[in-house]
Each structure stands twice: as C-alpha cells, then as structure tokens.
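Each of the next two complexes has subunit A plus one more chain, namely subunit B in the first and subunit C in the second.
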Partner chain A sequence: MSNGPEKQDWRTRLVSWVDGDREPKDQSLFVMEQRHRRRFLPTEEEHERREKTRLHRFFNWYPVAAVFIALTLVTVLLGTVLQMPLFGQESNPINNEVAEHYLEHGEEDTGSSNAVTAMILSYRGFDTLGESCVLFLAVTSVMMLLLKDGEDEDGKLARRSAREADQEEHGDIILKRTAWVLTPFIFLFAIYVLLNGETSPGGGFSGGTILGAGLILFSSAFGQRNVRVIMDRKTYSFIRTFGLMLYALLYGAYIFFGANGLPNYLAGMALLIDLAVGLVVACTIYGFYALFSTGEI
Partner chain B sequence: MIVLEYILLISVVVCAVAAPLCKRPLVMVIVYMAFSLMMAVLWSLLQSPDLAMTEAAVGAGITSILFFLTLKKIHALKGTKDE
Partner chain C sequence: MRPLVENFPFFCIFLAIVAGILSATLCHGRVAYGLTLASNAVIAVLSAYTLGYVCTTGESFVYTMGRFTAPFGNAIRCGPLQAMMALVFTLVMATSLIGGQRDLFHDVARSRQPFYFTMVDLLEASLLALVYTDDVFTGYVFIEISTIAACALVMAKDTGPNLIATVRYLFMSLLGSGLFLIGLTILNSITGYLLMPPLAQAVAALWESGSYLVPLTVSVGLIVAGLGIKSAMFPFHMWLPDAHGGATTTSSAILSGLVLKGYIMLMMTMMVRVFSMDLMEELGVTDVMLAFGLLGMIFGSLGALREYHIKRMLAYSSVAQIGYIFMGLGVGSTEGVVASCFHVLVHACCKPLLFLCAGRLSAVSGHHRSLKNLRGSAYRDLVAGLGFTVGALSMIGIPLLGGFVSKLYFANASLLTNKTAVVLLTIALSTVLNALYYIPALLGIWVKPAPEETAIVVADATAEELAFDRSFTAAALVLMAAIFVLGIFYHPITDVIELGVRHF
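Up next, the complex of A and B:
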C-alpha cells in the first residue's frame, strides 16, 4: 500500500470534484465489479406453496410472540408501579403546597370560583392551548385527507343535492321526530354549560362536545344541507380559526397583564377563553362527523 | 351509594372484558358504549361532574358515532352492502 500516489489521487479527485467534474478519475475505486443479477422466477405453484408455508409459520409464531411481548410489557409496567409511592400517603410528593395554593387562592387569582376551570384555563392555560392546537391540526389533516373538491366537475354538485334531497325525504321518521324535540334542548344545555364553566362544573371542553353532538344529531336527522344554511365551509373554517386565535390572543393578554405582582384586571376573562375553547371543540367534533360521513362540510 | 358503586365497578370490568371478545363489530361498539356510560356515572359518583359530562358526550356519543360511520363505510353493518 503506497500512501503517496493514493493521496495524490485523492487530491486530484477533490480538485476535479470542485471543478465540477463528476466522473471520478480512478473508476476502479468506485465501480464494483458488475455481475449479472440473478433472475429467479419461481413457478406459480412453487410461489403459492412458499407463501402458504410463510403464512403458516407466521400464524404459528404469532401467539407466542404476542404473549411474550405482552408479558414483557406487563412485567415492566408492574415493576414501575411497584416502585411508585403508595396511594394516599401523606409523605407523597404530590402533597405539597401547590394544590393548597390552587384551592385557597384560585378565586382571587383567576376570578373563577370553579377550581377545575381555574386550573384548566388559567394556571395551566398553555396546556389547554396545546390541546386546542392538537384538535385544530387533527381536523386540518382529516380535511386534507378526506375533503372532496368543491368545484363542480361533471355535475357533482347536482348529484350531491339530489342525493341529499332523497335522503331528506326518505329519512328515518323516528330519528327525525326525536331530533326535532331534542335538538333545541341540547343546544340550550350546551350554551348553559359553556357560559357557566366559570362557576359550575363544565366549561369549554364539555360544552363544546355537547354542542358538537347536537350539531351531529341535527345533521344526521335533517341532512347536511340544513346545517350548511347556517355554517358552510367558509364559515366553518372561520369559526375554527377564530376560536383558536381568540384563545391565543386572550391567553397572551392574560399572562401579560395578570403576571406575578400585577393586579388582575381580567377577572372575567375565563368566560371568553371558555367560549373560544368551546368553539374549537364543537367545530372539531362536527367536522369529524361531516368529513367521515360524506367528505364535505 | 357504595353498593351502586360496587355494582358499577364490576359491570365496568365485565364490559371491558366482553368488548374484545364479541364476534360482531356492532355488538362490540355497543358494549363499548355501555362501558363509557357506566364510566360517566362512576365519574359523577366520584365527584367529578366535569369529567362525567365529557365522558358521556364523547365516550358514549361521539366515539360510537364515529365507529358506526366507519362500520358503515367498510360495509360491516347489515343492509349497507348495496351502496
């Protein structure tokens, strides 16, 4: 092995590479000996037989592997749980002053008398902001995957409206009557839960879910065309984005003005944040239903 | 009240075991729905009505609807073959 020529070689190659010459000077280093690829085409029966044995082997080994993996996981998880402190003991690390502070000063700090809402929307608002973003992105990706084009290609729109009209005429009478009675009350309850999140159980997530469920009931009973009257795709996107932006803006202001030591001017803000979360959640739930059932909003 | 709690806990476990053992997907979803409903009652007995409301709406309502939609799309329900 002579070092000199090889180094020289390496330098010339680098220079030529810098100059833009893509062909290596010494081809023997790069091009391996070319060999004819083995052409191996088994017959049809041979192929089938081989597949069958492979499947057979797979199904023989599958339960063994499954049990093994499950047992390993169970052992690891049980071992971890046994290492944890016992439930309900006074010396546990969760029994510190944080929970007490939340319960005692929650009302004056955040202005909401419901401790859970104070926790979710004020103390740990960033957490909820992240959750709202997750919901928003989930709907966005489902829309990217499932949303059909809104353009009228070869009378697609006409066919759609014909199908919907047919659905409306021949819909289930029990479902229709039940929805006719129940929907207003569901909406009323949803709005009640949304607006009372500050003082009573409920809040953005529960209220938004109930609102979305009411929308689903209405749309499955009376067709999506009737939902589209109040909320077409543009409005839907606007409400969704508006909810998230409102949350981000309000929570930013909340942190900015209500920071440590400053007086809290924004006591009633939890209500608005609740509303924003509720809008995002309701839109998410209705959007999932609409996209999964027909691919349109 | 404690008796009701015990009954609910036992039924939750029974439902949880029964759900994956069902043969038909439709029955599976309904058993899962029952599981969610009992969990909702349990949450409210454990004094967390927030969770109870969300569980009742999401677990028993929306998840099941999405499951049903999926079953309809893959023609696993009766009467959806000819579409």
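Up next, the complex of A and C:
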C-alpha cells in the first residue's frame, strides 16, 4: 500500500497527542511548541520532594482554616441554642402526644414498665435493630483490618507472638486477686441487668456492656489464653452471629405480625431480645479490646 | 390484613440483613458470594413485583414496622419512585459484583472475603432503608451502617494508600453524619416528632407562625450540609478520588454508582416530603445547591482533566455528575427533581460500567492504571473497550444514550425558571469539558501502539488475566443494554418517576 508509511505516521502523531506528549512539529501551534514533555514517572526523590512541599503547604494553611471553620460552627450552633426552647419547660414542643403516649400507655402497649425499654424494643425497635447491626459491622470491619490471617509477612507474626508471651499474663498480684474475686460478681450482675430490662433500669445494651467489661477485666489479669479456654475464635463468632441472628429473626416476625394486624404472638419476646442484644454488645466490647491489643480473639 | 405485596419492601431490607449476618459465619468467600447474589436476586424480584403493584394502584403506601402507627412507631413508605430505585440499585449491585468478580477474589485476602460480602449485604440493606424510610432517625441509623460498610469496602484491598484513603473517607463521612445528627436533634427539639408526616406538618406550622425560625434554618442547613458531605457535593468532594480510585473494581463501582445515591435519595426525601420545596426555596437552600452543583460540574471535570490514572479520572467525573444531580434539585421545581431522579438512574448504570471496564482494561494490561500504559488495550478485551466507549459517550451526552436524555430533562427543567441562562451555559461548558477528557481516553484505548510497547505492557499480565472473562462480559453487556434502554425507551421510566415524585 502506497499510503502505508503515511498512515503509520498519522497514527503515531495521534497517539502522541492522546498521551499529551509534545505536539508533532508540522502541526504545532506556537504555544504547543514550547510545552514540555509531560513526565509520567517522576523519579523517586523528585516525587518525595513534591510530596513534602505539598505537605508543607498543607500544614501552613490547615490550622488557620481549621480554627476558622470550628469558630464559625461554634458561633452558629451557640446562636441556635440561644433560640431553642428552654430545657425542661412544660410548653416545649417535645412534650407532645408522642411523649405522653410513651409514658402513659407504654406498659399496657408493650408489657414493660421501663419506658426506655418499651421505646427501644417495641415502639422504635427497627432503629435498635439497625444500631445492633452497626455494632456488628464495627467489629467485623475491625476484624477485617486487624485479624491475623495466618500468612506470616517477613517474620512479623513471630516477633509479635514473642512480645505477646511477655504480656500474656499480668504480673500484678493485686490486679490478679481482685479480678479473681470480682469477675464472678460482675458476670452475675450483668446477667441480672440483662434479664431485668423490662422492669428496672437496664436491658440488653447496659447488661451487655457490663458482661463485656467483665471479660476484659478477666483477660487483662489472666491473659487471653485463659479466656480462650471458654471462648475461642469459633465460639466467639458463633455467639456474635447467633445473638444478632436471633434478634433479627424475632424482630422480623414481630414486625410482620404487627404490620399485618395479626395477634401479638410474641408478647414475652422482650426477654429474649434483651438477651440477644446483650450478647451482641458484650461481643462487640470484648472484640474491640482483644483485636486492638493482640489482633486475635 | 394488608395485601402480601405491601410486606415486600420490609422483606427486602430484612433479607439483606439476614444474608449479611449469615455471610459472616461462612468460611469460604465463594459461598458468601453465591449467597449475596442469591439474596440480591430475590430482592430484585420482590422489588419488581412491588413496582408493578404501586404502578397499578398509582399511590404510595405506608408500612408500619411493628404494631404502632405513626407518630409512635417506625414506618417505611413505598411509592413508584422508591420501588424503582430499590430495583435498579439491587440490579446494579449484583451486576457490579458479577463484573468485578475476578479482581475481587484477587485483591481481597482469602480470610477476609466472607466479611467483604457481609459489608456488601448490609450496604444493600442500608441503601434500601435509606430509600424507603419514613422516619428521620431510621435514616440516621442506616447512614451509620452505610458509612462503616463503605469504608470497609475501600479498606478490603489493604494497600498503604488505600488505608490512608479509608481514614480520610471515614473522617469526612463521620463529619457528615455528625452534622446530620445535630440537625436532627435541633429539628426534633423544636417539633417533637421523628416520623416524616407529622414532622412535615409541624415544620409547616412553625414556618407559618414564624417561631423558632433560626433553629429551623440551622437544622435545614446542617442536614443538607451533612448529606452533602457524604454524597460528595462540590466543595466537600476531596475525599472521593482517593477512596474511589484506589479500591478494588467492585468496590469502586458500588461506591460511585450506589452509595452516593443512597444519601442523595434521603436528601430528596427530606427536601420534598419533610421541608417541602417551597420552604427550601424561601430559605435560599436551593440557590446554594444550584451554585454548588454548577461549580461541581465544572471543577469535577477540571479535576478529571488533570488525571492520567484512569480510575481517579472516573472518580473526579463522579463529582461532576453529582453536581448535575444537585443542580436539578437546586432548580427548585418538580421537573428539576424528576430530572435529578432520572440522572440518578443514568449515573447508577453508567459509572459502574465505566469502573468495571476500566478495571478489566487495566487487568489485561498487567494492572497498569495510567492511560499511557492502557494504549490499545481495547483490542485485548473488545467488550471492555466497547463498554468503556458506551459509558464515556453517555457521560458526554451523545443521543441514543442515557446521558443525553438526562441532560435534555435538566435543560427542560431550567426553562420554566429564571435561572435558564446559567444552567444551560454550564451544561454546555460541562459537556465540552467531559468530552475533553473522555475522548482522549477513548482514543488512547482504541489506537494501537507500536508492537514492542504492547509487548512490554502485556508482559506484566498473566495468562489467566488475559483469558476471556465470562462474568465480566455478561455484566458489561447488561449495563450497556441498560444505558441504551435509558436513552431510547425513556418515556415509561420518566412516567414512573413523575408518578413517584407526585406521591413522594
């Protein structure tokens, strides 16, 4: 083909234009002629230097901007608070029929004399299910980030476990003795709070937190190895998912019955839901502690 | 006893949550992947059925979550618009998962794969809940879920830059959620409600009586700003290119195509159902949105022009496209909202297609990302090249493709207002800018470089990566078909949107 080389030439010119390389001479306008070749791969030092100047420039204006934004927001919010209804006044908009209904009819509607429990488990239970999912997700994402996955990257794992062996058991005798005495009572109290959410202050969230705190105390005094005797990784995952699954299934059935006007078959479910929420919360609290301290459960 | 079909929106949310919990118990990523796809398929069927039902009745229905009716218990509300969004979001989610499958199992460590699908499932649940919710606090709870899940999707491919991008994304997201929550508490303390219908009445009464004007204004501002930060409205978009550009293909597609849209749908619901467009206009919120939208359209494109990393270029282009949506809301008319909803659909199909194709093109070029190294890559996977072309042309706004129709609707919506000139001129300028970075990219992937250069690039790719990718091809073909449908047979879709906006 006679136009073969010419076509090739046209193509290379187009390609170099697409890449942002220097414009081919015969077509170039005067400005393009002077343009430098775009550098795709700056050398490492060059790159580092550029990053440093960028960071430097950033830190020059960052404090000014941050203070300015924070002050503006503070002014706006304080100004708003001055205009808002005064705290605790009877005529406030929040003292409307909703709050009245929760307090007056809470017990007959839901069967729990604790108004907070009635609200979080029955009236606005879907939000609580969402919040439990948030806790579940938070631990799952920390597990994704920190859990050791068995692949030893350049001996990191070995060094880490050597360090852990030192920390495994706390040497302090006061801590050990106190934990030895207190842990059973903390667990007992946690179970009490968990099971009495309907009638007294407490419930799944507070009970679960106490349970988790007890586990943390035990594991910080006696080392995680001893916790693993009663709860290894598999048991932990099982309890965690079992709690949320139980909650989701019970609550799903509850929503279905309620929305379709079917009789309320699940009158006594508050106890089970409290238990399920408690398991989720306890696992969240302990999971954070274990994952952030050793990266294992 | 209500008709069974009215339970379907709740079943969908619930199914996604259960699938997420189940995925966390599985040991194998492949099994969790199958479970996620199965649950998405069921959700899609249920949503399609719901859509048919609400379109025949022509009305929305409220579904109480439990025994207690509004204003005491939680509720969700489903109309034609909500059902359609749920259907499209689910289908796009499944397609993104299928299309990016090979990259996904390559980039995410084996022990983390089940967790990845937990995140995807709960993200699906939160998207559905954000679309369907009739309760502002439920909206907040599911914003939290999608924040965590979205950050985890970026983090799943744990390279250094990705972790930094995740931290940035997390900070900006939390700032957004925080502002939204402060806005809600202020709103609750001056109205006393959380459910949307009584809240709307209370807001209207406050506006009429003129009491608590400052707190009302501030709370509207905080809610819009909070959701704006989370959906990458123009001056708050700095986190987006790193987070979306660095993640694995499926994550980028889901984050760009869907997660941003969930927040936008909640913002639309708040604007239309709770505050009403008239109030937004009188407070001047729509003008601010219009200004940010227009600026976003220009600066997003300018940002994309500077990039030579293909996925970061696409991420900047998302900023511009989000600008279009806010421009539609900022016009302040029903037509503007309809145009924005249509653009949500178009972008939800287009951007995942572009990300999937970009991921595939870079996979056949040894995972190089710069446009220079992608030269001629379209010939190594024709479908990826075609998909990228269709997506890019739709973004520019070529007739017969979805992007053209949404630009037409935006232009139409602006005609009835006094902002016609600025909107039309910015659309024109933005179209030119879009063309300026998409056309060189298209030429780049379609023009064959010298054989020796190709050899250097291909040497980095394994035979496995060069092999035909069936699942990607299927996903790309589906999304391409969707873009053509949105561009040619758009009338039934816009009819449904108009019906939905009337019964928001």
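Annotations
Criterion: the second predicted complex is superposed on the first by the 197 of 297 C-alpha atoms of A that agree within 3 Å, B and C clash if a C-alpha of one lies under 4 Å from a C-alpha of the other, contacts with A are read in each partner's own complex, and residues count from 1 in each chain.
Quick note on the criterion: a contact is a pair of C-beta atoms (placed from the backbone, for glycine too) under 8 Å apart; a residue touches a chain by one contact, two chains touch by 3 or more.
Keep in mind the model is a prediction, meaning the values are calculated, not measured.
By the document's definition of touching, of the two partners only subunit C reaches A:C133; subunit B does not. Touched residues of subunit A, counted separately for subunit B and subunit C, are more numerous for C.
Applying the stated contact rule after C-alpha superposition, one finds that A:Y123 touches subunit C and leaves subunit B untouched. Shared-chain residue A:S293: touches subunit B; no touch with subunit C. Residue contacts after overlaying the shared chain place A:L147 against subunit C, while subunit B stays out of touching range. Touch criterion met: A:Q83 reaches subunit C, while subunit B stays clear of it. Contacts of A:P201 after superposition: subunit B is touched, whereas subunit C is not reached. By the document's definition of touching, of the two partners only subunit C reaches A:H101; subunit B does not.
Every residue of subunit A that touches subunit B in the complex is listed here, in rising order: 116, 193, 201-203, 205-206, 209-210, 212-213, 216, 285, 288-289, 292-293. Residue ranges on subunit A touching subunit C, taken from their complex, read 11-12, 14-15, 17-20, 40, 76-77, 79-80, 83-85, 92-99, 101-102, 109, 122-127, 129-131, 133-134, 136-138, 140-141, 143-145, 147, 149-151, 237-238, 240-241, 244-245, 248-249, 252, 254-262, 264.
Those residues of subunit C that touch subunit A in the shared complex are 1-2, 7, 10, 14, 17-18, 20-22, 24-25, 63-68, 71-74, 109-112, 115-116, 118-119, 122, 125, 129, 135, 137-138, 141-142, 144-145, 148-149, 151-152, 155-156, 158, 182, 186, 188-193, 202, 212-215, 218-219, 308, 370-372, 375, 440, 443-444, 447-450.
Contacts from subunit B toward subunit A in the complex involve residues 48-50, 53-54, 57-58, 61-62, 65-66, 69-70, 73.
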